[in-house]
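The first chain written gets the first letter, and so on, giving A, B and C; residue counts start at 1 in each chain.
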Amino acid sequence: MILFATSDKGGTGRSVTSCNVALRCALQGSDVCYLDFDFGSPTAGAILHVDSATRGITGGRGLHSYLEGSVAAPAELDLWRHIERAELRPRPAGAGRLVLLPGDEGGGEFPTDDEMTDRCQRLLRRLAEEFELVIVDLSAGRSYALQLVLEVTARPALQAVVTRWLVFHRWTRQHIVAAAGLAYGEHGIVDTGAAKGHHRDRLHDSVRFVRTAVPDPDSSQFAGLLPTQAAWLQETDAELQKLAARRRIGRSVLLGSVPLDPVLQWREQLILDSDVWTLRIANPETSTALDDLAKNVLDDESWEGL
Amino acid sequence: MEVVVGETSATDRTVEIPLSHLSVELGHLYMEELVDGSVDLPAYFGRIATWTGPDQLADLARVPRSRLRASTCVLVDDYAAAPLGPDVVVPRLIAAARCAGLTIDYIARESGCAAPMDGAAALAGPRPAASLADLVEGLIVADPAAGFNGNRPPVHENGWLCNGVRSPAGGARQAMRAPVAWQPPVENRAHRHSIFLDVEIWREQGAGRRWSCPFLATVWQLLRLGQLRVLGRPAATPVGIDPDDLPATWAQFPTIAQLPGHAAPFTAYRTLSVLDGRFLPVEHAVRMTLGQVAVDPIVAEQTLRRAGRENVPLPAELPDRVGHVFLGG
Amino acid sequence: MADERAEGAIPPAGVAHDGSRVLVGEVRTGLLAQSRALTEPEATAVVALRPGSQVRVSARPVPHCVSPDLTLGVHCPVPSASGARRDGLGTVLSRASVTSGRLVQASTHVRIVLGGARPAGRRRPWAYHLAHPGTIEVGGRLSADDLADGFLLTETGDGPGTTLDLGAVCGRLLDQVQESPILDQKPPFRARRTRFRFALLPCGHPAVGESAWSSGSAAADTTSGRSPASGHVCRIGFVVADETVRTLRIHGSGLDLVSIVGLCEDLALHDWLLTTVQHVVAGSRVRAGGGGRLPSQLTPVIDHLLHVWMPGARIGEELLPVWTGLEQRLGFSRQWESLVGWIRDQLALSLLASLGDGAR
């Protein structure tokens, strides 16, 4: 399966959540690879604690170089060897492969051409052959990267490969409207995809949403709220639920919901069990939410047609 | 104990075909010239005859005259348009050649090189070639420019083949970048200076491909050199025709027709084409293209080995097996 | 054009000039992107990569279809461990194959002729190189070991850089086969591709310029590969470079190059089988012991891979010692047997467990 992670706006925690999903899926035994297609800002290495690739890699072997045609294959970093977190080294027993394809340091956005599209198609098809889960982290919004992968996945060579879309959005009015627009709106994923030859309904059915930084009124975090504050929180949440349903991004297409957690927000890094239980800096709810999201990503049932 | 195991399907079956020493092409005319009668055919063949005497041919074939096996042929230009059918053109050519003392052994039609293959060659196979032209296009191995190390797919400008590096395309690709300054094209094998040649192989036209005249002429040379096979069998073989019973359209005419008589084999170690000087650019393109065609190594080896057995000197490189005489106006 | 013939003698097909020759190549192996095993006609169609050319098919001991050789022209420096930049010009040959309707391989090889008589300068006509397919001629001095080390030891292939990149050629071909519209893109499980790089050098490090093959056998070592000369292997070195990269260095004389490529393809295939089954078994060992249930990852391995193990089946007499040698030192088959044994045990346990369930 190729999973495209996207968001309309920046700051949704798309990359950090996707990286955490990748890690969890690999720990559960799947072979996973993670492609940093956030060409304007290739920082997946930083999220994944790979010191040699915090802002992309040097040496001209990253995804930028590959797509531009200067190398025949992009660098693949085996994360079990590169993650600088003692808990994850050596490779945990039973874990699948976890590989990062970083961008180039100093790489930027670029317009696409036919040859680049060919190369992108080749790469994605090959990775889908070698890995159970291929996560492609796209830039926010209607980017070249989004256009490129919509083009590529419409091609015959990739049509047979299972491709799915995750739209990340924060749990706010503006983010809900923006996410629905990116998925279903004018020049959105479904619109653009259909114009490029995708089967409209099938593409529509392959989009799911992830809510991030969601305040949970029942959590201990908000235990000290005044009754008026608590009531307001409940009310706002209910309104947002209604709005999401109206915009067709309600519960039926919800794949996961990640609570507001300062560790995710500020550190933007992997959340490990030690962060929750030993260091006690991350909330157990966050870890559970990420586990659930990872489980749903791999569970075909959560992707069944609506 | 030695155990020898063989599976017939695992070994290549590549058929050897009969070969003359020389295949002589007796001129080439555009269809319009046959239609409007602007060419004095007997005089035309007369001029060709002076260059195709037995001594000259034996010399070109590098064999003694007593041993020479040579066949003659003409390619009819019917691909673009064919207002006249074989029933008109063929007798006219035979008669005019006879006036000049020449015998035409084989008449082929250019459209046959681009048409769906007939006979044994049409044998399906897992990946049939749509036409002789498709077959030959699949054999092109482009002459690499300096620096080509295999890490990218070979450059294919759609439908064009050249002998070097093209001039970079003008205009800036990305915004905010300075336009590229003009640079000359370079011939890969330049001898101090370049003679750069870029040849159109085909172009998309309507539903399908329109093959270029130089490319079909390359296919024609390869047919005469006996180097084309489909699944190991000859890609085209001459079919006998009766000059008194000719069809009215070229589609009904064989790709290569054999006229009655005791002709030497159509295919040959070497070819000679005696042509008007105006065909020089076409034949330059043919030589360049031939130089980038990699035929089945088994066929290439069969031919060389056989030439060795017959004591016929034969260059391994295809362009060197092709000879031309260009006539002035 | 007359100057081109100035060399006079026309070399017989397959014979290059004097000078050391090194065969280098790479094989990439993967699982075919298809949910079930391909039938022979399907497999034939998948590797029918050029119109009108034959696909070689053999049915024993396992079904095996090989594409026609594809030729690619290159003009670039050849690998060198010392960093010497020696330009080579010629063609590399590639072919793709499907084994047992399940496994797919692409292999690219070239015979590099060092210290050719021709001085650097004007190129030969391209047609000359096409008449000697699968050969690159290198101008200037370069030792066979320097070349082989450069090819086997340094991180070559797929990278930036300007030297000959056989890996990229090979990888593209494998991609091309896997993209065939005949395939449903739904492999029964995911498996990593492996890369197998090999070099064949003359016996006993002959000095530069010394002929590696006697002229008699040189005439036979053409790409068509008939009349294999009686040759022998002096030494082999097999290295597992990392999880997916293996290298093999063979020193030998009088060997038929086409058979060497076949040997390497066979080794690469079996190495891939070992690597892949090992990965699956390692993953399921951790999860085994769940009430005698067969770990789910094992099913596709049992269905699709266990019967493909046929070491040395397509290898000529003179190369069998290579297999035997590797078997003795590395115990390919012993390791395979042990993996297969473990899988069979799991299968037996799961059968017993299900019988027990039925009895209750």
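Operating definition for what follows: contacts are C-beta pairs under 8 Å (C-beta built on N, C-alpha and C of every residue); 3 or more make two chains touch, one makes a residue touch a chain.
Model, not experiment: these values are computed from the prediction.
Chain centres defined as mean CA positions place C nearest to the mean of all protein CA atoms.
Contact count check for A-C and A-B (C-beta pairs in contact): higher for A-C. One inter-chain figure worth recording: subunit A and subunit C are separated by 37 Å, centre to centre, where each centre is the mean of the chain's CA atoms. Averaging C-alpha coordinates per chain places the centre of subunit A 57 Å away from that of subunit B. Residues of subunit C in contact with at least two other chains: 158, 165, 168, 172.
Counting only residues that touch two or more partner chains, subunit B has 151-152. Along subunit A, residues 71-72 each make contact with two or more other chains. Residue ranges on subunit C touching subunit B, taken from their complex, read 1, 4-5, 10-14, 41, 44-45, 48-60, 69, 71-77, 87, 89, 91-92, 122-123, 125-128, 130-133, 158, 161-166, 168-169, 172, 222-224.
If you check the complex, the residues on subunit B that touch subunit A are 151-152, 174. The touching residues of subunit A, counted against subunit B in their complex, run 69, 71-72, 110-111.
Those residues of subunit A lying in contact with subunit C across their complex are 29, 31, 59-61, 65, 70-73, 78, 93-94, 96-97, 122, 125-126, 128-132, 156-158, 160-161. Contact residues on subunit C toward subunit A in their complex (touch as defined above): 30-31, 33, 157-160, 165, 167-168, 171-172, 175, 178-179, 181, 183-187, 190-193, 243, 283, 286-287.
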